[in-house]
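We call the chains A, B, C and D, going by the order they appear; numbering starts again at 1 in every chain.
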Amino acid sequence: ACSTRDPAQTGGTSSATPAPTAQTGSYTPKNGESLNLVLLVPGLLGDKSFFDATNSAMDLIQSELGAQVKTVEMGTDQTKWYPTFVDYCEDGSYDLILTVSDSVNDTLIQVAEEFPEQLFINVDATMTDVPDNVYAMLAKMGEMSFLSGMVAAKKAEELGVNQIGFVGGLDIPGINEFLIGYIDGAQHVNPDIKVAYSYVGSFTDPSKAKENALIMYQDTQIIYTAAGASGLGVFDAAKEFTAKGEPRFAIGVDTDQAMSLKDSDPEAASLIITSSIKNIPQYTCDAVERFLNGEIPWGTNEMLGLKENGVTIAKNEFYEKLLSQESRDYVDAEWQKVISGEVTPLDTVGMSTEEVEQIRQAAKP
Amino acid sequence: MDALLNVILTPSFFYSILRVTTPIVFAAMGMVVANTAGIPNIALEGIMLIAAFVGMMTSALSSSAWIGLLCAILSGLLCAGILAFFTLYYRTNVILGGIAINSLASGGTVFALYLFCHDKGTSASVPSGVLPQVKIPLLDQIPVVGEILSGHNILTYLAFLSVIAVYILLKRTPLGFHLRAVGEDAHAAESVGIHVMRVQAVALLISGFLASLGGAFMSMGYVSWFSRDMVAGRGWIAIAAEAMGCSHPIGTALTSLLFGAADAFSNAAGVLGWPADLVRTIPYCVTLVGLILFSVRQYRRSNHKRRKAQNQPAAKPVG
Amino acid sequence: MEHISKIYGNGIVANEDVNFNLKRGEIHALVGENGAGKTTLMKILFGMEKPSSGTITLEGAPLEMNSSEDAISHGIGMVHQHFMLVNSFTVAQNIALGIEPKKGLFVDSAKVNDFARELGEKYHFDIDPTAVVGTLPVGIKQKVEILKALARGARILILDEPTAVLTPQETDQLFAELNVLKDLGHTIIFISHKLREVKAISNRVTVMRNGRSVGVYDTDELTEEELSAKIVGWEGGGELEKAPCTPGEVLIRAEHLSYYGGAQVPVLDDVSFAVHAGTVLGVAGVQGNGQVELVELLTRARELEQGRVEINGMDISRQKVRALREGGLGYIPEDRLRQGAAAGASIRENLISCSYYRAPVSGPAGLLSNEQIDAFTRQSIADYEIKCGSGASKISMLSGGNMQKVVVARECSGQPSVLIAEQPTRGVDIGAARIIHQKILSLRDSGSAVLLISADLAEVMKLSDAVVVLYDGRIVAYFPDVSAVTEEELGLCMLGLQRHAPERIQEVTK
Amino acid sequence: MNRERSFQLLRTAVSLLIALAAAYVIIFLISDTPLEAIRIFTVGPFDSKRHLGNIVEAAIPLIFSGLAMAVVFQASLFNLGAEGIYYISGAVVSLVAIFYSMPAGIHPLVIVILGGVIGAAVMAIPGVLRAKFNASELVTSLMLNNILLGVGLWILTNFMRDPETGNQISYKFAETALLPKIVPGTRIHFGLIIALACVLLTYLFLYRTKWGYEIRMTGINRDFARYSGINTAKVIIMAHLVSGVLAGMGGAVETIGLHQRFEWTALPGYGFDGAMIAMMGGNHPLGVVLSALFVAYLRVGADMVARLSDVPTEMVSILQALIILLVSAERFLHTYRQKWIEKGVKHGRAA
């Protein structure tokens, strides 16, 4: 019921089995009627990334499973998170408390231990010691960036250049997973390809991202951006160069950015080849369904990669327009190979700063 | 190093300096006017943010960038007016008032953004207006200079015109006289019947007007949407520039440019893969070092004067 | 002005049911002790303060004023006691401020200068319109202030202690100018603590005491003594007793002091003198002849350029201010608001600024002793008759005269062996001035050396044992025995019209 | 005098009421359950021990930064450097909290002292520049804030990032490094005691020692201070150092008090909070405590209303703006004040 999207669009096969509706599940909601869920966001909505994606998962869960849902922003001050969790645990009426991202792990573990009766799901995290009342999932950013890397490299091939670029928000592990996966994917296509990279220094400074991209675009045709709201600046820069008669392209992240810009800024949208996306809404909804069916492996942390349909890239009209059929076929083929295990992208999770440094230096122009 | 020079020694690098400097110059000129009247406006950051939002929103609603600009200016004036009302009429500490406006702006714009386009991050999903870029005839024919100076957003030109305007305002007009008199000695101004509160309110309004142009540039020139906290400290930089420029319009414009250049440089260095955390501090380091050198020089100069005076031959032999 | 009352925000009743009237073309003096409410009454008349109750009638019509702007438009002008001038502006700019002649959108700077010049000529005020005000001597500043008011068409001119900073000659000149104004039909209110001046210039006089008006008199009806009695509310006073002096060793010695301060011509030129223990050396001179620089050099507010100063045997160029004070230097500064007091601090805090860091005020571990401070505060308030709520109230709440007493109390408290007193009674009423004079003399009698710098000749002659006259940065005259000179003689020297021989001046270094 | 003070209280109360009323109006406009939201906002922070604890724990860093700012403000120096000091002090002490093992009582002590030393060292820069060369401390401190953020992030990335997590956070602190909780059922930690001790010490320092006297006199009138023989350059540096110590200790206390890792990736905002709190508290240590508690109460209330009802968190900043503007509006209601005082005087006369 959760996979409302056309599975064909995602390229891979959906792992979601046809799900029973909430009413038919083996679980009885605490209030006896409908499922009562709350999502505690460790930050603020509007990140255009996992917070927003998880928030839309809640809408999906509400419409597909008829659950009562609520989303709470806990803000950026970490010290406020614990009291919020405790407020909701003490309330006692929630069947599940959802949360998202690694940053909340410490708090989650502490609260889970203090409230053993309460069940929690972290929809996108790496956790080592998962308490028995917690279930964690992780979308492999490295693998979706692997796809982006392949797309970028193929596009570079088509343009006859040997360099692609990356603009990140901050030089932090979460962002570097994108970079490393991207480099890995690009080198999978062309081992000699060069990858320029830079960091904006903020997820909320699109103007600065634009400055970065304007410089990088001088000798780079394609830029993959993982910089939250700042990433918009990269598209703007691509538009500016293209307007001058020097076509430049971008790859977006987190949501299908071409489609979301299509109405407000068609020129920018038409330069976004694709976007790498976490399937958070789908797999979160799936997880809640599994919960209803009693199928959640509590106390574990599951990785959701290409194989599990945890991540994907956007295949929209612009993708078809900007990338040749041949290249697209190539990407699909390699995608299947990853699923079948013939190709294994680098495991970027928990990579040390030194390893990251080594890989990105090696690929630097 | 070569790579760096390749990036820096291009017209587009110098072009980017002017673009980066634009919002800073506007806000810094606002600070010059306010400070001259003795009422430092530290709400510039917030006013820019609000103007950026209002400009985006109204241009989206009206499908006209010019109406957007007008509304952005009105919002800047309104904020400055509120600040003036409280700090001048009700005697709220001016610094506290500034902090309050900044707080109002950072929360209020996100709140309004959410109401307006159901998004707490950016307004990119809403088509909003962009102010035109201006190709200057003849100038854009000249090879390098043309590339650097022509084709900027209209607000960039306005920013540099505002420097001249502020200079003339302060040095030549009656209002400028009153601003300076009030700033230097409010009692003296009051004693000749100048309405101190009114003059300071005008100063704040002018500074709000200038800052709102800087804000409008952010969302309607620099980029074409609003995103939360998009002013990202430029108002504070402007305050630093004004202090370093000793409240003088020209000096302040120059220090703003210095800062813009350092910022453009840090962008270039960042792209070349220098450590990102440290690279982002470059503009601030440059400002800091610049300020230190400037102050040390001032200090030396005053010392030097004293020493020179000491070495002067006595009018009459000692003894 | 009828039944005027004014209660300030801090609850002080500055005026209570005051009646005050003014006749066209008169010079009306307003006198009273410090804090009697004179300034407040005038500020009300000038629209700067709103009365709590009462009415103002101008030529039969009731006057409702919200700001000084309104007062100015009714032809009222005020010259405040503290200068209200923008220092970085020129004379002309200050005069034209707010009524600038325009050329299009801009200020017409040529007209600004012409306007000022014409105005000066019209009223026979000798000023340079292009001079920057901050560099001018006080006498000129005072004229600029008056011109400012006249430029705005003031028919009623309020002068709040205009003569406090002037020399007798300057005062005489001002009076001449005031009389011109009177003849031109202007009405003048004149506030002063100097009764001689009141007698000399005014037609009528209103006396204020404790916020009330005591009465209005024709000036000719009263003698100075009677007026004085009306002001303080009791008879008496009498001459200061001054014991013959007994000079001791030299405690202040200045040798060949020259000072340029960056200028081409010396501000001080080869100044030498010595002050002995148990004596008062008066420095007379028209302001702007180097007195300020001299004092600032002696107190280390400026770096010495040439020459040498010894205070209490210390070569001051090697000493910090603190060390000088430790070595027995007391200093009553000219400008109590700039240097002499921390306006935002309490009276008690202002009283301890010389002693806070050492026993008994500062105990072990740098902790201040409240008992000591309170005791000292109580003592000072009693000794100097400081009128205040309590030692804990802010010094800025005091009237100028009482503020001055705080400064004097502090500076004299440590029994300094050397006292530099600069305009010690500027703007202070008779009673307070008397207390301050007595204190200075008692210091001298107990063996201190006092250097007195004052623009008030009467004061110089009353207190000093010997007098030097400073003119154009040089000592031009030395009178070893004050009782043998007349004010006229001194005045001539101050104007540079008479000089003593170098040999005679040399005597002062002995 | 007393009448004036009681009016002051009255005015503050009225402006608080107006600010709250404005908040209620906003809540009414945007909430579907306004009455519930208002209840949570107003009394929520007091409805349980844990929530009361939230107020206190939120007030602790505010007290430190408020004190730090009060000291420089008293010297008439406008330095907003507490912001950067919180960050760098937190980052550096985290290294000690992670990589050194020490006995339980000693470890936090070392960390807090180290925080103070770092704060002093950083503040020395604007202090010396101001004292020696008259460089604007406002500008130098604002620039330093951003530089320290970069340096702190660099330390975090390169020396203590926990690769186990995908986030920009450090390894966990050693157990021994954490400040003990002192009130069961809340997270109030030993930092409160340190904060209150600092309040007392700062009060004594400012109002009862000769150094505090020098700072205040220099702040009120620098010419007067110089004339009195006070070495104002020394005083400027001293005020900066003391302020730096307080801010640095605040950063350290907050880091090991409520956090288990170093997890700030942006300036935490305490510098500006401190300026606001110091000014609202009249730059007096006791005023700082009161205004810190008040601001903490507002924030806890707003957090609660945001998390338990449908009012967004952004409302806090709007509300905060209103309250700052009104509460510090000296002349708000001043016409009534004048009447109130005149009446008092007349009563006094009549009696």
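Following the convention adopted for this analysis, a residue touches a chain if its C-beta (ideal position, glycine included) is under 8 Å from a C-beta of that chain, and two chains touch if they have at least 3 such contacts.
Small disclaimer: the values here were computed from a predicted structure and weren't measured.
Here the chain-to-chain distance from chain A to chain D, counted in touching steps, is 1. Across the two interfaces under comparison, C-D and A-B, the one joined by more C-beta contacts turns out to be A-B. As a whole-number value, the distance joining the C-alpha centres of chain A and chain C reads 77 Å. Once the centre of each chain is set as its mean CA position, chain C and chain D turn out to be 45 Å apart. As a whole-number value, the distance joining the C-alpha centres of chain A and chain B reads 37 Å.
Look at where the CA atoms of chain B average out and do the same for chain D: the two points lie 28 Å apart. Each of residues 44, 170-171 in chain A touches at least two other chains. Residues of chain D in contact with two or more other chains: 153, 157, 312-313. Among all residues of chain C, none touch two or more other chains. Counting only pairs that meet the touch rule, the chains in contact are A-B, A-D, B-C, B-D, C-D.
Chain A meets chain D in the complex at residues 44, 72-80, 82-84, 86-88, 101-103, 105-106, 125-126, 128, 170-174, 177, 349-353. Residues of chain C that touch chain B in their complex: 48, 67-69, 71-73, 78, 80, 82-89, 93-94, 97-100, 102, 105-107, 148, 152, 256, 258, 260-262, 265-266, 269-270, 303, 305-307. Note for the complex: chain D touches chain A at residues 50-51, 54, 57-58, 153, 157-158, 161, 163-169, 172, 187, 258-261, 263, 265-266, 268, 303-304, 306-308, 312-313.
In the complex of the two chains, the chain B residues touching chain D come out as 82, 86, 89-93, 95-97, 99-104, 106-108, 110-111, 114, 233, 236, 239-240, 243-244, 275, 277-281, 284-285, 287-288, 291-292, 294-296, 298-299. By the touch criterion stated above, chain C contacts chain D in their complex at residues 7, 9-11, 13, 52, 299, 301, 320-325, 331, 333, 338-345, 349, 352-354, 356-357, 362, 365-368, 370, 389, 393.
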